[in-house]
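Read through the structure below, which is laid out as structure tokens, and then see the notes.
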Amino acid sequence: MASATFTGVIPPVMTPLHPDGNVDEKSLRQLVDHLIDGGVDGLFALGSSGETAFLTREQRKFALTTIIDHTAGRVPVTAGVIETTTARVIELVDDAIEAGAQGLVATAPFYTRTHDMEIEEHFRKIHAAAPELPLFAYNIPVSVHSNLNPVMLLKLAKEGVLAGTKDSSGNDGAIRALIEARDDAGLTKEFRILTGSETTVDFAYLAGADGVVPGLGNVDPAAYVTLAKLCLDGQWAEAAALQKRINHLFHIVFVGDPSRMSGSSSGLGGFKTALTHLGIIDSSTMAPPHQSLNDEEVARIHAIVDEFLYTP
Amino acid sequence: MASATFTGVIPPVMTPLHPDGNVDEKSLRQLVDHLIDGGVDGLFALGSSGETAFLTREQRKFALTTIIDHTAGRVPVTAGVIETTTARVIELVDDAIEAGAQGLVATAPFYTRTHDMEIEEHFRKIHAAAPELPLFAYNIPVSVHSNLNPVMLLKLAKEGVLAGTKDSSGNDGAIRALIEARDDAGLTKEFRILTGSETTVDFAYLAGADGVVPGLGNVDPAAYVTLAKLCLDGQWAEAAALQKRINHLFHIVFVGDPSRMSGSSSGLGGFKTALTHLGIIDSSTMAPPHQSLNDEEVARIHAIVDEFLYTP
Amino acid sequence: MASATFTGVIPPVMTPLHPDGNVDEKSLRQLVDHLIDGGVDGLFALGSSGETAFLTREQRKFALTTIIDHTAGRVPVTAGVIETTTARVIELVDDAIEAGAQGLVATAPFYTRTHDMEIEEHFRKIHAAAPELPLFAYNIPVSVHSNLNPVMLLKLAKEGVLAGTKDSSGNDGAIRALIEARDDAGLTKEFRILTGSETTVDFAYLAGADGVVPGLGNVDPAAYVTLAKLCLDGQWAEAAALQKRINHLFHIVFVGDPSRMSGSSSGLGGFKTALTHLGIIDSSTMAPPHQSLNDEEVARIHAIVDEFLYTP
Amino acid sequence: MASATFTGVIPPVMTPLHPDGNVDEKSLRQLVDHLIDGGVDGLFALGSSGETAFLTREQRKFALTTIIDHTAGRVPVTAGVIETTTARVIELVDDAIEAGAQGLVATAPFYTRTHDMEIEEHFRKIHAAAPELPLFAYNIPVSVHSNLNPVMLLKLAKEGVLAGTKDSSGNDGAIRALIEARDDAGLTKEFRILTGSETTVDFAYLAGADGVVPGLGNVDPAAYVTLAKLCLDGQWAEAAALQKRINHLFHIVFVGDPSRMSGSSSGLGGFKTALTHLGIIDSSTMAPPHQSLNDEEVARIHAIVDEFLYTP
């Protein structure tokens, strides 16, 4: 099963930028090494944390090609193909195939109003454009403003259209209900369920999830790798203790002043500032119109990283 | 004033498609003639009604170029440059300049979480990329999931960044409040306010709006042109009566069964079916994953058009 | 038709309070005179502007009884019977009958999740508890968090359950659509449609509405009475001009600092401060946990009133 | 510490009704015995599951008095004091004191728009009205339409205003973040955090929660008591397995047809139907305007109960 490889810790790879806004290839290669050295099971390129919504098609291609090239088969690489509607997604599917991606992650249509029957057709057509690549449905209501219907997901799983889902709804109860419905339908191996919630990975594993796609995993991949192992070994108290430590590190995403910037600026700014502090990437530049953190905020992020990073 | 030309009835031009999904150039040229013959004051290409969120970049360029070519200067053409974030919008700005557009319409960032300070920077950077073209801010919360802050709009108007707004919020009270704030700020001529609400054009004019961008204007441009004239002439009772007739024609957008399709499919399907019925375009094909109307729904739309079209 | 009397300007009577939180009977009687002297067509007691959600059952009874007593038949008085669910509303219906109310205004159930079939049964049971009193459905999604379905409203109108609606959705297009559907159904006289939007009364009348329930009408009833007359006389330009003046007076509701208080505190505080300034009521006290305006805010409200009140 | 008693499994006691809508005292007493025999640690009267939003003040008093009388001190009884605003809540506080409740549960204001500063004052005033009774803040955004701010909660905890919270947001990540912030603030013993999510009790305990208020606990109290024990004993795999079984029992809340009724009707109907099936209460009558389950739905609920009840 192709999708069987997409389990465990699969961070959404950030896209380092030069101060002029271009993709910083050297930093991106260093970040890939940082993640693989940290023990991750796969990489997810061009996700929300990778600022895919901010990159031009050429920048997306360049970032994806660089990640795949530098990974050099050490772990599987999945590519986000995130666009408003079907034909536009399929253009990105072509780019992903050309770049050598081993899996695809697509959302429901956005900007347009949509409907379950339309979302279903959307995923069918994407799968038809790349039938050999495992396709993951990405549930991210904060961006797409609709929730993927679990009944539809399992129907498409049964048909072989979907190989799994990445759920960034933040609703752990709903993820568990999906896992239970999947297992009751006998699709445990066919449909992989990954959580996108950095702070409740132990919950997801306890409920039977297959892995996690943690943005914070860019900063501290080994912490998540260790956490996943503790969960797989049934050491739940130790897992929860490590999760708690990780959650304190996660506070770096809340440092940016909400009167001055969005949660996207504060969150990605926190991650990029931490990565700069750790010497993994050269600049914490974010794509416009993201707002920058100020010196005081940067200092607070450094202090949090220094205190709570699992792997010094 | 460049923006002074963007007043009156400016329909968002639909994008006719062949059954294979490609842009139907012949039908698009016929539609442009239909609109200009109907007396409209301008055209807005690549808006939501133009299925811009469903078109690839090449299809967008082709549609825009065709519209501008066929218009041949008879009325000004504004181009939607609707993308998730700044750099991606600016790519479309370059395309629009190359195609010869005379104005630009951009939304706030979407998919990403955003913030007023980021939206402000977004519009500034778009304007800087095309300082000679009037830039309109497009308020469409049903798609973008945020509302443009009126204080920010007028600040950017004062600075010369924005030439106006197209408001598709459906909130006539908020549009009126914006008009009053604009007038109080002495920006009446500098900042044009266009409503996107097909069914309350008389309200908008009564409050002092400068025009309307009606999706339904694709079907019945002359009705809107007449309505706008009645408003400008202060014949409000007659305007309201015509608006009422138009609103019955507008029922074509509600025919599609909501258990089978989104409001986008039902609405654009209603418009395209009507245009096919009128012989303006060859096919009512919508871009995937839009769902098609069935025969019974098509027949009901034909009946509504036959009864309520203002200009037979 | 009983409901025929519920047209025109029907302000939601505020509930003046003593600094100790008790209902200020003397001020309430003065307010009733102020409204009737201003020429209003009816009074709506115990609405949202009357702080009904803040009053105990005894306070509600006292306020309603006082209003009806002091009105002494000069205009009809409708009573809000606003409670979470059916049995609780019916208790208030009993109180309203005992007090001598001539009409009832009820919302859909709130706090609980609800459904169109439940809302329908809710209104049926309320009507059955007072079949002789016209019952108005109150659409106020900002409080109730659901929208009344227009198809359901007209169904209940046809059955004689509902005599009309007060719509405080702020969606003028939806109010117009309801008016058109009502007229198409031949229910123009049977189902009265009143807008709750202070700033778009001319819009509502232009679309065929029967009246307005303006919170700001507590402050300046004669302005609304004049506005309604201009609308009925078809003097739309004059109506819009007066509406614009009124809308500047309406700025009193935005003075309260949103970092310190809710829109309810700011809005009701603005109205009560204005009424105190005009000498109609003795204290601008609001029920807890409303927050008070500070001296600077009070001064700004006074200045706005002094500049924009229609009737000095 | 008074609040120390409010830990563990504390079901929100349902309110059995006679077919005529009156509270069924005999069934209520039987339900209390069923819960206490099941081993629960406390009872929560007049919560959402107790249909408090559907009961008149007299019915509330009767239900509360009956529960406290029949409990006879075997476990502590907390009373919901759920009303729109402060003065109305305080009336219920008086009733609760008179009935002998040992704790109080209040929401933020609803129906009215509100603000953190107002919510804070609301809780302060409620606490001042019953300083000797532990006060729990009830976070239930599906009903109240706002979320309690965790910073505010801990501030009020520090001051001794709040003894804890019941969180029915369904957001397990947010509950964990609140637990972590509480522990970091040194308020672990002073501020009790109870989850209202039936299907993720193991998650909550793993994160450090103090207990659960499960609506489904009315049907199967011993299952929750066993689940809580497994969690306290660190038997997480066994806990998750039992949670999974419970979650299949929880499917009784989804049986009611959503085209015919609200989630409230379906959910409470599922619980009451199960309790009738088990012979605990005499009738599954719900308060109007709740809709009834049909025979087929009832049969499905019986089958689910027969298969998944933990304690036959």
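Annotations
As written, the chain order gives the labels A, B, C and D, with residue 1 at the start of each chain.
Methods note: contacts are C-beta pairs under 8 Å (C-beta built on N, C-alpha and C of every residue); 3 or more make two chains touch, one makes a residue touch a chain.
This is a predicted model, so every value here is computed, not measured.
Note: the chain lying farthest from chain D is B, by mean C-alpha position.
Here the spacing of chain C and chain D, counted between their Cα centres, is 35 Å.
With centres defined as mean CA coordinates, chain C is found 50 Å away from chain A.
Looking at chain B, no residue sits in touch with two or more other chains. Shown here, the protein chains touch around one cycle, each chain meeting exactly two partners. Under the contact rule defined at the top, the touching pairs of chains are A-B, A-D, B-C, C-D.
Chain D makes touch with chain C in their complex at residues 21, 48, 53-57, 59, 82, 84-88, 91, 109-115, 117-122, 125, 142-145, 258, 260-265, 287-291. Of all the residues in chain C, the ones that touch chain B in their complex are 170-173, 176-177, 180, 197, 199-200, 202-203, 206-207, 234, 236-237, 240, 244, 247-248.
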